[in-house]
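Heads up: the structure comes next, in structure tokens.
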Amino acid sequence: MYAAEEPFWGKTLRLIRDIWVSGDAEELKDKVRPNLPDSDLSRLRAAINACLEGRGGEVSARARAAQLGRAYLVLDPEGRQRFLELLVKEYDVDDAAVDTAIEKRNAALESDELYTANLELRDLLEPPRARLLRQFNELKEGVKFLVDLRAELLSMVKENPSLRPLDKDVLRLLVSWFDIGFLDLQRITWSTSAAILEKLIEYESVHAISSWKDLKNRLRDDRRCFAFFHPRMPDEPLIFVEVALVNGISGNVGELLDVDAPVGDPEKADTAIFYSISNCQRGLAGVSFGNFLIKRVVADLVAKLPNLKTFSTLSPIPGFMQWLTTTTEPLGLSKNEQELWDTVAAAENPREYMKELIAGDTEENGQVVEAALLKEILMKLCARYLVESKKGSQALDRVAHFHLSNGAQIERINWGGDLTEHGIYQSGGIMVNYLYKLSQIEKNHELYTGSGEITISSSVKKLLKS
Amino acid sequence: MYAAEEPFWGKTLRLIRDIWVSGDAEELKDKVRPNLPDSDLSRLRAAINACLEGRGGEVSARARAAQLGRAYLVLDPEGRQRFLELLVKEYDVDDAAVDTAIEKRNAALESDELYTANLELRDLLEPPRARLLRQFNELKEGVKFLVDLRAELLSMVKENPSLRPLDKDVLRLLVSWFDIGFLDLQRITWSTSAAILEKLIEYESVHAISSWKDLKNRLRDDRRCFAFFHPRMPDEPLIFVEVALVNGISGNVGELLDVDAPVGDPEKADTAIFYSISNCQRGLAGVSFGNFLIKRVVADLVAKLPNLKTFSTLSPIPGFMQWLTTTTEPLGLSKNEQELWDTVAAAENPREYMKELIAGDTEENGQVVEAALLKEILMKLCARYLVESKKGSQALDRVAHFHLSNGAQIERINWGGDLTEHGIYQSGGIMVNYLYKLSQIEKNHELYTGSGEITISSSVKKLLKS
Amino acid sequence: MYAAEEPFWGKTLRLIRDIWVSGDAEELKDKVRPNLPDSDLSRLRAAINACLEGRGGEVSARARAAQLGRAYLVLDPEGRQRFLELLVKEYDVDDAAVDTAIEKRNAALESDELYTANLELRDLLEPPRARLLRQFNELKEGVKFLVDLRAELLSMVKENPSLRPLDKDVLRLLVSWFDIGFLDLQRITWSTSAAILEKLIEYESVHAISSWKDLKNRLRDDRRCFAFFHPRMPDEPLIFVEVALVNGISGNVGELLDVDAPVGDPEKADTAIFYSISNCQRGLAGVSFGNFLIKRVVADLVAKLPNLKTFSTLSPIPGFMQWLTTTTEPLGLSKNEQELWDTVAAAENPREYMKELIAGDTEENGQVVEAALLKEILMKLCARYLVESKKGSQALDRVAHFHLSNGAQIERINWGGDLTEHGIYQSGGIMVNYLYKLSQIEKNHELYTGSGEITISSSVKKLLKS
Amino acid sequence: MYAAEEPFWGKTLRLIRDIWVSGDAEELKDKVRPNLPDSDLSRLRAAINACLEGRGGEVSARARAAQLGRAYLVLDPEGRQRFLELLVKEYDVDDAAVDTAIEKRNAALESDELYTANLELRDLLEPPRARLLRQFNELKEGVKFLVDLRAELLSMVKENPSLRPLDKDVLRLLVSWFDIGFLDLQRITWSTSAAILEKLIEYESVHAISSWKDLKNRLRDDRRCFAFFHPRMPDEPLIFVEVALVNGISGNVGELLDVDAPVGDPEKADTAIFYSISNCQRGLAGVSFGNFLIKRVVADLVAKLPNLKTFSTLSPIPGFMQWLTTTTEPLGLSKNEQELWDTVAAAENPREYMKELIAGDTEENGQVVEAALLKEILMKLCARYLVESKKGSQALDRVAHFHLSNGAQIERINWGGDLTEHGIYQSGGIMVNYLYKLSQIEKNHELYTGSGEITISSSVKKLLKS
């Protein structure tokens, strides 16, 4: 209907036209992945300009932008990078125009014209490419397109920092599109579409889902799973959280994930354990949903299951072993402890050595005593790591920082909470509960974000003093 | 859950607190409408500041913003105006900070820091109140809240131009939230919820819907009705269009609306007549949907009813009679015509006089000749009004301007197309067809927006020459 | 796909074939309504036989039955009656076959073959036409088809009792298809489809819905409306009930229907008043839903609004005035009362006279005393009518009989409960509350259905004794 | 709400009461499974009688029946059998009443009372237990309850033929409830609920689904899967069919199921291969859906994919190898063939021997010639088996009988069509295509069901003659 008058494709891009005729980018994608040679760049420029000028009316301009988006999708990685570089270089802020607008604004100070002058200046400070990004929303899957574009950009930026400004432009747009007020909180159950459940398996980043059976067990009657969705990406969860409804705070994730464990009665549970929270869209890095997700889920649970009184996480300590094996700080151990620790540290692969001690059949080789001592050491040091290791005023551990920012407190440190290979390697098998005490959340948040003060329970205090 | 620590209400606002406890603004709204006395202003400021500073974390800040929104809703008109004035005056751009950022930006020219400096400057040019507006999205009906706030602002601004900057801020936010890519196109039928249908009756602005029977007739098998919806306002149409599926271009809206007319077979129709298009949300004035709506509906109709070949409007000429009775331009009439026209113009109420001639039982009083002559005069002048009367390079008639901007052409002018009281009073009973010829839309648009050139059919050309 | 090999149409039915080709019975219906002349009867027989023999396989047979159904729909009333008469006469039980089966059954008594012999006999006792009726279910709207066929049959049977056996066959099938276990209870609100709401207006049989405004008022926050639907007739309510959520038992339906009355808080209501219950499908006469509807709605209300303690109707007494003006029983009035009553009874139109007394501006003509006395008379007699007038052991009043069978008790008789023209004419303006006391329902039912004993409140007892 | 006045439980059934109070049969099911001792039988009788007499009104009676149903669910296998035996023995047809009704009917012959007398007799021939079965529909999952009850009955009947009459009663009820006109045809895709997809894996009975990956491959773009559902069992498919959209008739199921095969374009396919059709509910044995399913799916495919011209199955021949290794008919082989066949037949395990020849790497052991000859023998005998081996006038092979009854023809016999262990063991690795030629379906059906004549293609004819 709104065929482009001035197609920008050259010889190498001729095949792309077929896409625009057939509308089927998917099909072509695997056949031809042109790399956008120089000879096509001027055609590309013309196409972009037509979009930005609104040639043929706003409806046509949007349709053209969609064509551009589809063209991008058929390019090979090199071609895509050239496309994006063109946007960065040639569709940046117009400095001369900004100069003029600044003068105008300065002249308007104290006058009634100031508001308008400010607006004009502000508009000029938005690079024209940002408008093009918005126009991509015309694509049928425009929101997903931009999220995926951002994911690609994040990969490219590492090696090609010149693309960073474009990354920032995309991020700003995504922040506005993914405002929490637009998202849907949906419960995920075994009756949810397999297409979505499959994505949980793919995206779960804390405790890998090993099979559909494992997944089904996480959706059983005494479990809850919630995800945020965007109305324009209904098949793509943005972030999801897995919750166990139990009695008393759980300290062991293996028990929670045990497919043979009996199913409890959710109506009788007094505690909700948030044991996994995973972001799904790499392209949304920097857009934060987690804090809202936890609190909306808490509100939903409270409304439906009034017996729930306690809301806590069961979390890994992802940076602990890394910190432990590389820190140069004094560890403050007793003599006995220090001796054992020296042995450990002197081992060819200290982390491997610890793993064996933690998980190993310790009796055979008479390591019972060592293991017990190592437990004491690790528990104490873990508490210190969580509470005292900082980057500026922030907790060094990223998971700790997330929950503390949200207003949680460090409630309990659990020895042997995650005895998987990965759990031992990363967290020494230890897990921690962050407690969301509803009445304290604001105060905790203010203390932590204001002065870096971390709220901890008496049991953690005791560990620190030990 | 996230109760405000520092309630800002005073004596007169004490009742508002009950709302926050009960959460039921509706209930209180009719009982108490405080006017926000000076004594409360400092409390209001504290509440706004807490939101903007993100006190207690982003979740709490959002919850507080929602409370502020609910508080706004219980204020009386004077109180609301004071609330908004506070936002305009005290939460405006910080000029000093902008000065500094400009210096920084100027210093960064040619350097790698420029992008960041530009961003900072841009952010500072956004007034803090705009952030608060975004936070209102936390309200359960946050999107509707802002749309309604804008509607109020538009009323206030007329008498209180100092609020204009806030109006602009709200509009910018709404433009971003109501991006066409986020809207759903939905077909409206007699099976649609009565709650939505009731709104069509309320919002129809071209040919009033007189009853549910009239409405049902507009939704019968050979009619179509489509509306845009926002996912966060699912019960509120934003704009809707009514279409008749007929054979050949219709020139008479009375026939289209006749509840006794036989129902045609939509599969056999060759022409879609867009006979009414109405915006529903006053608060979205300035956000344009109409062009997109028409073209999406055309695309939908083409896909489902492949026999449709012609897409045309049947439109009023809302400014014609007003122009005709006040214009001072020479009308270029023949002698005979001019004589009749002088009689008409000399009448006490020329428009009333014409109405009688057009609609009246002309035979009784021997006005047959006069009526025929008046028809000739009005048809000729209507063509001139539509094609030649301009405001700058734009058509003077607002409906003409809308369709011509969209790329339509003036196809046919229809005598007696709308013989209702209103139709005669406004358009001399004449209606016009704007034809959307898909292959010409872009060209027409470019000609019209570029040089003001209006594309017309040969029949309209003939009228102009007569 | 499964075209009939042996079309049964003759000259007059040729047009019907076009339907089968085009599938569009609706279209033809208004053009041609053949009356099924004798020359077509043999073709019709052949078509029915093909269905019953399962010619071409069960799928084809069903398809043929659907064709027959569509053919029926295009016949004119006379043709339809001939069609049905053919079914009654020629597709009845085969008496000779039954004779044989009876012998077989008698011979099998005491043997293992009895069960099979019984089954065979039972199958032979079902007329073949009943199988054809079931096959009509292949029609896209097959369930509705049969319901409508029944409605027509009910009209025909009055003048043509020979059709009664077919009516019974259809009813048996409908009883099985409309088993309460298959029905959906749906709440009706203002957000329900207008197509369904329109039907409420049409079907309401107790207190006519005068307009969409009246309807909307009955769906407001402190009202409830529920209907049963069949999964194969999703746009057609079968029966619906209207409920008001109030405080204390209401005695006046005018107040409940007042569109200007303030909306109460449903959460705070302690009483649910069932003030209207209407059957929607004439063709389902004899299939009872009302008792189930009331009790499912009670269960639903109890679950969602735990403050509700009392469930009562506010009902008309449809047979009261009829009985009063025609009964020959002694009324048992005092002398004063009898004198007034004699005057009333002697009036040219006693019911009209009473209406004036009840509703009239009584002061002008000094009728105050008479009116007060008439009230006493009518209240007392109404109580007697409800409690003591019987047909066998059943209450004479059909509404009373319905609620008493359901286990309700007569709670209160309300003077002036319905002062509409119709209300006064039918019930003397009196309304009655039937109370559903959950703990007493079974006992009341058993008393009433067992011995005809009616449970009444002390206030009704007092009226009876007065 | 409608608590039973006369609970029938005794000591061993006391726990059941808790279910009725808590409504949670699931919970108790694993804890207590009473066996319904004699002491409880009289209580059970009382409860059944209360249902059948409609004690307390029909609503209460239904509620009581639901309680009985829940009670049944907690019984252990022995208890359930006793429950059902009670129904068979004590709630059977009342022979004396039937005797009387027969007399009445005989007396009414030739009179107007005959219809009524027939009806009464018919009603008396329905055992009272059948009414109780219908009342179970009050259970929330009443339809599923009865389907499962039937599945249990089918198991019990084998060892306890006295239950057969009850089985027949249940079947009759299910036939009426599962009339094809009430079923929904739904397409199953990867976006369908995992809970339903899981059931496909469980119920697939032709080519086992080995994993979720296998399942996903069967739902890809060039595949279709459809199932029938009952509106009261929305989570339980009744029967489903898997279809491949390909070009030309497929002869090899391994290729169709290959997860690595490229995905074709469904719009371009000319052939739909029905390669698997599975019944899901054991309790619905005897209720036939397959014929309708195939033809509704064909109609749906034709409407959506107009390029499809050929509709064929790719089917196993489940009885072939069984027949081949046990038949005593002369095989009609040539001398060469007979010699090889004698060797095969003389082998210790002839079927195993053939498997090796069919699947084995034949070159190594010089069996090339033997294998080629065996192929000829098997293909010829397979054709004979399919076309000539009969049970009465029906094809001996049950799959052949199913498709031939539906009006299909035997189109092609495919060597090596299913080289799985199971495929070779059962069908000698051979598969057959049954072609559904729409224009021939009725004729084929009539020939087959009338005279047992099987329609075959010329290629099959050739095989038969070879």
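Some observations on this one:
Read from first to last, the chains carry the letters A, B, C and D; within each, the first residue is number 1.
Just so we're on the same page, a residue touches a chain if its C-beta (ideal position, glycine included) is under 8 Å from a C-beta of that chain, and two chains touch if they have at least 3 such contacts.
Chain labels with UniProt names: A, B, C, D = Malonyl-CoA decarboxylase.
Worth saying up front: this structure is predicted, and the values here are computed from it rather than measured.
With steps allowed only between chains in touch, the distance from chain B (Malonyl-CoA decarboxylase) over to chain D (Malonyl-CoA decarboxylase) comes to 2.
Seen from the Cα centre of chain B (Malonyl-CoA decarboxylase), the chain whose own Cα centre is farthest off is D.
In terms of their C-alpha centroids, the spacing between chain A (Malonyl-CoA decarboxylase) and chain B (Malonyl-CoA decarboxylase) amounts to 40 Å.
Centre to centre, using the average C-alpha position, chain B (Malonyl-CoA decarboxylase) and chain C (Malonyl-CoA decarboxylase) are separated by 49 Å.
Averaged Cα coordinates give chain A (Malonyl-CoA decarboxylase) a centre that lies 60 Å from the centre of chain C (Malonyl-CoA decarboxylase). Among all residues of chain D (Malonyl-CoA decarboxylase), none touch two or more other chains.
Residues of chain D (Malonyl-CoA decarboxylase) that touch chain C (Malonyl-CoA decarboxylase) in their complex: 1-2, 5, 55-60, 62, 93, 95, 98, 102, 105-106, 109, 114-115, 118-119, 121-122, 125-126, 134, 137-139, 142-143, 164-165, 168, 176, 179-182, 231-232, 288, 291-292, 295, 298-299, 302, 405-407, 438, 441-442, 445-446, 449. Every residue of chain C (Malonyl-CoA decarboxylase) that touches chain B (Malonyl-CoA decarboxylase) in the complex is listed here, in rising order: 190-195, 197-198, 212, 216, 235.
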